[in-house]
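The following pair of complexes shares a single chain, subunit A, combined with subunit B in the former and subunit C in the latter.
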Partner chain A sequence: MTLDLENPQSILFLAFAGVCIGSSLAVILHKNPVISAASLVLSFFALAGIYAVMNAIFIATMQVLVYTGAIMVLVIFVIMLLSLREETNLEIWRNPIKQTAIVLVMIVYGSLLISAMNYNPEIGNGQPKENYSYEIKGPVTSVNVKGNTASIGASTFIDYLLPFELVSVLLTAAVIGAVVIAKRDKLNQS
Partner chain B sequence: MDLNTILVWAFKSVLLFFIIITACAYYTLAERVVSAFIQDRRGPNRAGPLGLLQPLADGIKFLTKEEVFPTQVNKVTYLIAPAISVSCAIMSWAIIPFGGAIPLPDSISSLVGFKELQLQVANPDTGILFLLAISSLSVYGVILAGWSSNNKYSLMGGIRSTAQMISYELPLGLSLTAVILMAGSLKLTDINNAQKDLWFVFTLPGFFSFLIFSVAMFAETNRLPFDLAEAESELVVGFHTEYGAFKFALFFIAEYMNMITMSCVVSLLFFGGYNVPFGLFEGSALAGILFFLVKVIFFAFSFMWVRWTLPRFRYDMLMNIGWKKLIPWALLNIVIAATYVVYWK
Partner chain C sequence: MNINISGVPLTYYLSLAGAMFSIGVLGVLLRRNAVVIFMSVELMLNSVNLVFIAFSKSMGNIGGEVIVFFVMAIAAAEAAVGLAIVIAIHRHKKTVFVDEINLLKW
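== the complex of A and B ==
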């Protein structure tokens, strides 16, 4: 998306991006773990706003529903139950593992930043689409669905059916694994 | 996106906001009158004729009360929490259609640039999912209020309420899946139009899904018999123990707004929405709105009816019903709905 201050979408994008960056900084800089987690919620919400500005309303809703609504509630819940105390700066910087982690993260994000600066909007078709439509390439050739949700549904369940099913098998395995690990802990205790 | 569209959106939003606030105010009055009727006593009848000005008096009382801040609270989250609750409650009204499109007379339509007025602020592609997303956000109001109050009753109430809301979101969403399968769309207007001939509650999967939804609906709005969050005998009033004056009023308004939203959703999804049965009043938008209102008022009444009739569930019973009964039934119901859509429809 090209920035153009006359365009309401650009203004909304800047607003959401500003909130996103500000709250992301609060996540890593605030000393209180609950406030950090709450800032992460705000950051995810602003990200959903950016998706919505790009007319990807389905992805925006899913972002709110899954990340903001479900995952972060569990994170805050656990933080509240553990009742973590406020961190002091010294504890963070003295740990050698954390120092290494900081250097590694800086390398990764530095390379991301360089690739983002070389990004050519001509290739990625940066303009948001007004209306999404999707033509199915699979065995059913004559279907052409209109709309955001229907397009994603068609591409997931027709063109990418096998990868989708494989991912769902993987997730089921993860759920069963979590249940098994949780149960084993209970057996050892009793 | 031109100026007219934005102006119409703004107009609709402001109008809707005033309608919700008034509806909520009179819902609280109705709650007190109905509870008085059920308990065989006289309700509020001093302020104005038949006590009709009571909500106004309550509002003035909430606004003019002294704002008390407990000393050990986390100020920012303490103040943000009620705002989150009430703004989520208002946001979910944006996608509820209150009736079919109203055709505009020529003089107005030439002014605003379109021919009919949709009685809905926004109609996104994701429809009902947007509603679920917003209702999942409203948990933060409760969780932050409970945590920031720095009070053991608030924290316990907040944790209980959060656990309850995230547990009952699952059967709520799963029971909606059956409706979405039958309607073939996520948009509330499409779901409404799909019930032109047969309300979903009269189909087998629709009926099951209505039963599951109506139980989960009471739990999502934290109402009796599932108001574990504010079990007075054990937790004072739960997560909003430390809130007074207008900050408490915001939680109160949010609860009543959520109840009205749920009444609208259940009449839209299962009881034909703004369709008039048997093809009466063909093409009249006003009749549709009136029929929709009657259904909404009935379900709003049933919230009060249940509250003043049934006792509270125990916490472990609540969790058992949610995870061991409602979720398996809802999953089974999705299979029934899929079979119904493929073989009977």
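== the complex of A and C ==
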């Protein structure tokens, strides 16, 4: 249960986890939204590092490309368009509702921590499998691939083919919806 | 049973994900700026992704990583629509502070 500090991956995990927690705290505590967005980018990079430590290479790459690339550019563009001012009063400590919220979240985190520490599964051997195999009734009898990315690709296009296609429909709907919502209303404008 | 992923126990990953999720919940509850609230929601989504990958690696099942891929796609869709709504609200009300937006209050 303890961390082996001789292992270089443990040290990498601790470093990335510290950066991740620190920059996440900076996101919610800093008054300036631009600094918050920059801290969020740092937090996502640290999370990508943790994924790489866990040997989930494909997801680490996607984290950098999608989150720190696409989504954060969108957020920063919106901050730039709106020219947001700083929050003048971050009166966290004087508002009784917000004090109650902090206490409740601390209680929730404590119970999360206790349940995570007591998690003791019977299944799994702790050895991450890097291969994927699937039996097919047809001219091709089976699919066998090795490696993280190849396994994810095979699993996406064999087990999760319908959700994958539905995600493409969802993305199209989201893009069209975003354009329609953000478009300037010409009738009300004049 | 002591499960390690790359030499780090599984409980450490779960604790980190719990901490990130709690920070995200605190951000949603404490901040007034809609864009920062949106970033806190992204933090919560990322902590859940970390849990998915930790269990995927510990159980030797690749399905969790495929789900994380889908979560990322849906987060991108949510980002596009959510930020468009923020822009539309800012155009009408000239503010993005959620306590000054009370259109649905009666």
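In this text, the second predicted complex is superposed on the first by the 128 of 190 C-alpha atoms of A that agree within 3 Å, B and C clash if a C-alpha of one lies under 4 Å from a C-alpha of the other, contacts with A are read in each partner's own complex, and residues count from 1 in each chain.
Here, contacts are C-beta pairs under 8 Å (C-beta built on N, C-alpha and C of every residue); 3 or more make two chains touch, one makes a residue touch a chain.
Computed from a prediction, not measured in an experiment: that's the story for all the values here.
*Asks:* If we overlay the two complexes on their shared chain A, which of subunit B and subunit C does A:S36 touch? Say first, second, both or neither.
*Replies:* The answer is second: A:S36 touches subunit C but not subunit B.
*Asks:* With the two complexes superposed on chain A, say which partner A:F58 touches: subunit B (first), subunit C (second), both, or neither.
*Replies:* A:F58 sits against subunit B and subunit C alike.
*Asks:* May I ask you to decide whether A:T68 touches subunit B, subunit C, both, or neither, giving the answer as first, second, both or neither?
*Replies:* In the superposition, A:T68 contacts subunit B only.
*Asks:* Which chain makes contact with more of the residues of subunit A, subunit B or else subunit C?
*Replies:* Touched residues of subunit A are more numerous for C.
*Asks:* Where does A:M80 make contact in the superposed view: on subunit B (first), on subunit C (second), on both, or on neither?
*Replies:* Once the two structures are laid over each other on A, A:M80 reaches subunit B alone.
*Asks:* On the A-aligned overlay, A:G147 touches which partner chain: subunit B = first, subunit C = second, or both, or neither?
*Replies:* Only subunit B; A:G147 stays clear of subunit C.
*Asks:* State whether A:A46 touches subunit B only (first), subunit C only (second), both chains, or neither.
*Replies:* The answer is neither, since A:A46 touches no partner chain.
*Asks:* Please report the subunit A residues shared by its interface with subunit B and its interface with subunit C.
*Replies:* 9, 58, 62, 70, 74, 81, 148
*Asks:* Show me the residue ranges of subunit A that touch subunit C in the complex, using the header's touch definition.
*Replies:* Where subunit A meets subunit C, its residues are 1-4, 7, 9-10, 13, 17, 20-21, 24-25, 27-28, 33, 36-37, 40, 43-44, 47, 50-51, 53-56, 58-59, 62-63, 66-67, 70-71, 74-75, 78-79, 81-82, 84, 87, 90, 92, 98, 101-102, 105-106, 108-109, 112-113, 116-117, 119-129, 132, 148, 151-152, 155-156, 159-160, 163-164, 167, 170-171, 173-175, 177-179, 181-182, 184.
*Asks:* For a test of understanding, state which residues of subunit B touch subunit A in their complex under the given definition.
*Replies:* So the residues of subunit B touching subunit A come out as 1, 74, 76-77, 124-126, 129-130, 132-134, 136-137, 139-140, 143-144, 147, 155, 158-159, 162-163, 166, 169, 186.
*Asks:* Of all residues in subunit A, which touch subunit B in the complex?
*Replies:* Residues in contact with subunit B: 8-9, 32, 34-35, 38, 41, 45, 57-58, 61-62, 64-65, 68-70, 73-74, 76-77, 80-81, 147-149.
*Asks:* Okay, in this complex, where on subunit C does subunit A touch?
*Replies:* Of all residues in subunit C, those touching subunit A are 1-16, 18-27, 29-33, 35-36, 38-40, 42-43, 46, 49-50, 53-54, 56-63, 65-66, 68-70, 72-81, 83-88, 90-91, 96-97.
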